[in-house]
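Got a structure for you, questions after.
Letters A, B, C, D, E and F mark the chains in the order given here, with residues in each chain numbered from 1 onward.
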Amino acid sequence: MDKVAIFPGSFDPFTRGHEDIVRRGTAIFDHVIIAIGHNTSKRRYFKIEEMVDKINQLFVGEEQITVITYDELTAELAVKYSAAYLLRGLRNTTDFEYENSIAQVNKTLNSDLETVFLITSPEFASISSSVIREVHRYGGDVSAFLPYAI
Amino acid sequence: MDKVAIFPGSFDPFTRGHEDIVRRGTAIFDHVIIAIGHNTSKRRYFKIEEMVDKINQLFVGEEQITVITYDELTAELAVKYSAAYLLRGLRNTTDFEYENSIAQVNKTLNSDLETVFLITSPEFASISSSVIREVHRYGGDVSAFLPYAI
Amino acid sequence: MDKVAIFPGSFDPFTRGHEDIVRRGTAIFDHVIIAIGHNTSKRRYFKIEEMVDKINQLFVGEEQITVITYDELTAELAVKYSAAYLLRGLRNTTDFEYENSIAQVNKTLNSDLETVFLITSPEFASISSSVIREVHRYGGDVSAFLPYAI
Amino acid sequence: MDKVAIFPGSFDPFTRGHEDIVRRGTAIFDHVIIAIGHNTSKRRYFKIEEMVDKINQLFVGEEQITVITYDELTAELAVKYSAAYLLRGLRNTTDFEYENSIAQVNKTLNSDLETVFLITSPEFASISSSVIREVHRYGGDVSAFLPYAI
Amino acid sequence: MDKVAIFPGSFDPFTRGHEDIVRRGTAIFDHVIIAIGHNTSKRRYFKIEEMVDKINQLFVGEEQITVITYDELTAELAVKYSAAYLLRGLRNTTDFEYENSIAQVNKTLNSDLETVFLITSPEFASISSSVIREVHRYGGDVSAFLPYAI
Amino acid sequence: MDKVAIFPGSFDPFTRGHEDIVRRGTAIFDHVIIAIGHNTSKRRYFKIEEMVDKINQLFVGEEQITVITYDELTAELAVKYSAAYLLRGLRNTTDFEYENSIAQVNKTLNSDLETVFLITSPEFASISSSVIREVHRYGGDVSAFLPYAI
């Protein structure tokens, strides 16, 4: 059976660090689904449609990779897509504590769901979506942090 | 003199992890007061009255445990209840850094006030109120994380 | 050429911990510019004009120290003031992870900009502006945490 | 092609925490090789032959799992066994920092080698081989921490 | 029944940070037993008899405090002294991870044993016995770190 | 007066990460003294004389940089060389906790001594001398981690 992993996040925006995890994930799983959480109560900075387009263009022709948006529990989304794995990147110890908590909760909600972690490559580990938004808001050049033009 | 400890928090909601700390606290202190911070500027997800009810039912008949709500400095609340101790749970290093800061400030505001820490039992350490709210918002089953039905 | 360092922050409020870093910074750099970020989208608790006044009075007669407000990227502010250094304090590991991320981003935006860190003196390491605001909001005495009367 | 992962360690002794990672690893990889580092310069507490026996008995009949000993670089061992993955468990932030360093070094030595991390299940996260050795040295009962009798 | 806590450690040497925890512990427990681990396989820098003497002199006349040496599992020592509590100081996140592991193991070995943590006061949090030994070895003045002359 | 900083360490071996800190340090200080601790009680893996040679060749012609060996307290060494600063690199949170402790002790021993920290550049942050020794011991290629041939 195909090994399907979901790579969930808000991706506001999707960064070179996220790209790093997705590409490395395709060497582990048959299929990686980039799932952009569409939480109507949280305002995004970058439009979700734009992000879907940019990610689609980035991975065009790479059949192992799909992009979707979703507005439900990740643990339920996994069932819908027959995904037995969540894929997550770890950049530092702050990420670790947070991801640990989320992974245990997802396991409780769906005991068949395994969260698999890769450590973000050092050159991308300092990139955070929130810092990119802050730089972009002030008109700074964020192209070094993104794998596409914006 | 009775040893009274205050267990302060927003408890939005009160979790099995919180219950773990309260029960273990009653083996150290004569009385543990669960004090739900009622900060009018922050919107709660679970109603404070409902939370008081649930906690009261959970510990019914256990005379060492009381529930109150408060809207003042914890350091002052302690004086009012003749409590010389604050009781806090530590789940991970992120908690540690935050609690360290709060404990020193409380000591500065009230030099007689000692903050006593228990490390949350491993099976509850990944439970956070904010994650529970997120799961509940999406209609997920949070009963595994709460010591009462909701 | 004079070595100019910018000490950026929101300083809401400026604490004894901040003062500690500034004074120690003047032993390393010829000039330290305290730069209060004036982000119009984030509401402050203490007025920025009041904070400028308080800091100016605190360091009156100390020619190595200047206070400014700014509303742009720190990396660009540094160019404007011919500052080759950012000065930052580290209180704990949570600070470290955040500052690491910001420092790398600033280096990417302005490769001539070096971020220099001092570890906050232990007696000030537990002081955080957000906790001070919380205490002040409830009418608590924050004078122990501030190097000026408020 | 089969996905082969090496789970390297000194396993002095192999714990329930290690067993947790191996079993969960078999749901990701086709084959998991438990590789006991045989560093002649470091004295072991539990004999390596005994540990190989115990692990073999534990996983008897499970064809996805193999135990070996080795005395070379993990990055080279991987080549020998056509393993493209290292499997590692993360228990806490201290583990994270160490594993991050090791993973980058292994990537440098063998760019085809990907380190995949699982977070140790909470009930096993506090178990460390060094603490078990300490307890055993004093005649304490370590059976709760080991998946076999000793 | 009296609440007895054991404060275990190697105390090589006993520092002002340790004194801080002991004194604060006497406000929580009826009796605090400073238990110096006497591990024959680890060489000490400061003689254990000298340390017992120094600690005895430090707390002379304070009947809540006792000093002992021991060479067994802490969990068993607690039974012998009818101690239901272990008292431990936390200085930073590295301490936290280690103490978390030890506390869970002690709980497994003796389910009646509760480990209670105090955060070391900031002015003592940077003092570590190993650094003191290093300074003393080079003839440096360690009097600022010790609550007695040596 | 010239600003002199000491960069102390065991440098067993001196890595690209160390080189990164030294070079960036010369943009802050007039002079950086690389001080190799020569602790006779600890056995080195790489000979101290070889390391002095390698570092000298690396920085030949760069007058801001000097290499020395020493066998005394760093706080006293600083006095001897009229150095008012210690320069240290931070790679991660584990480093932070350790360096915090050392910096406070040095300040206590020599109140004029300021420890200045730079965060190691991401591409070098995973390099640790102890891992390099381990790789070298097994005949692995460590050239990617060292700024000189060995």
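Structural remarks
Basically, a contact is a pair of C-beta atoms (placed from the backbone, for glycine too) under 8 Å apart; a residue touches a chain by one contact, two chains touch by 3 or more.
Quick caveat: nothing in here was measured; it's all calculated off a predicted structure.
Two chain pairs, C-E and A-C, are weighed by contacting C-beta pairs, with A-C ahead. Legend: contact pairs of B-C compared by residue number with A-B, A-F or C-F; the interface matching in over half of them is A-B. Rounded to a whole number, the gap between the C-alpha centres of chain A and chain D is 28 angstrom. Centres computed as Cα averages put chain D at a distance of 33 Å from chain E.
Averaged C-alpha coordinates put the centre of chain A at 46 Å from the centre of chain E. In chain F, the positions touching at least two other chains are 92-94, 97, 100, 103-104, 122, 126. Within the complex formed with chain E, the residues of chain B that make contact are 3, 24, 27-28, 84-85, 90, 92-93, 96-97, 99-100, 103-104, 114-119, 122. Of all residues in chain F, only 41, 72-73, 75-76, 93-94, 97-98, 100-105, 108-109 touch chain E in the complex they form.
For chain D in complex with chain E, the residues that touch the partner chain are 92-94, 126-128, 131, 135, 137-141, 144-145. Of all residues in chain B, only 92-93, 122-123, 125-126 touch chain D in the complex they form.
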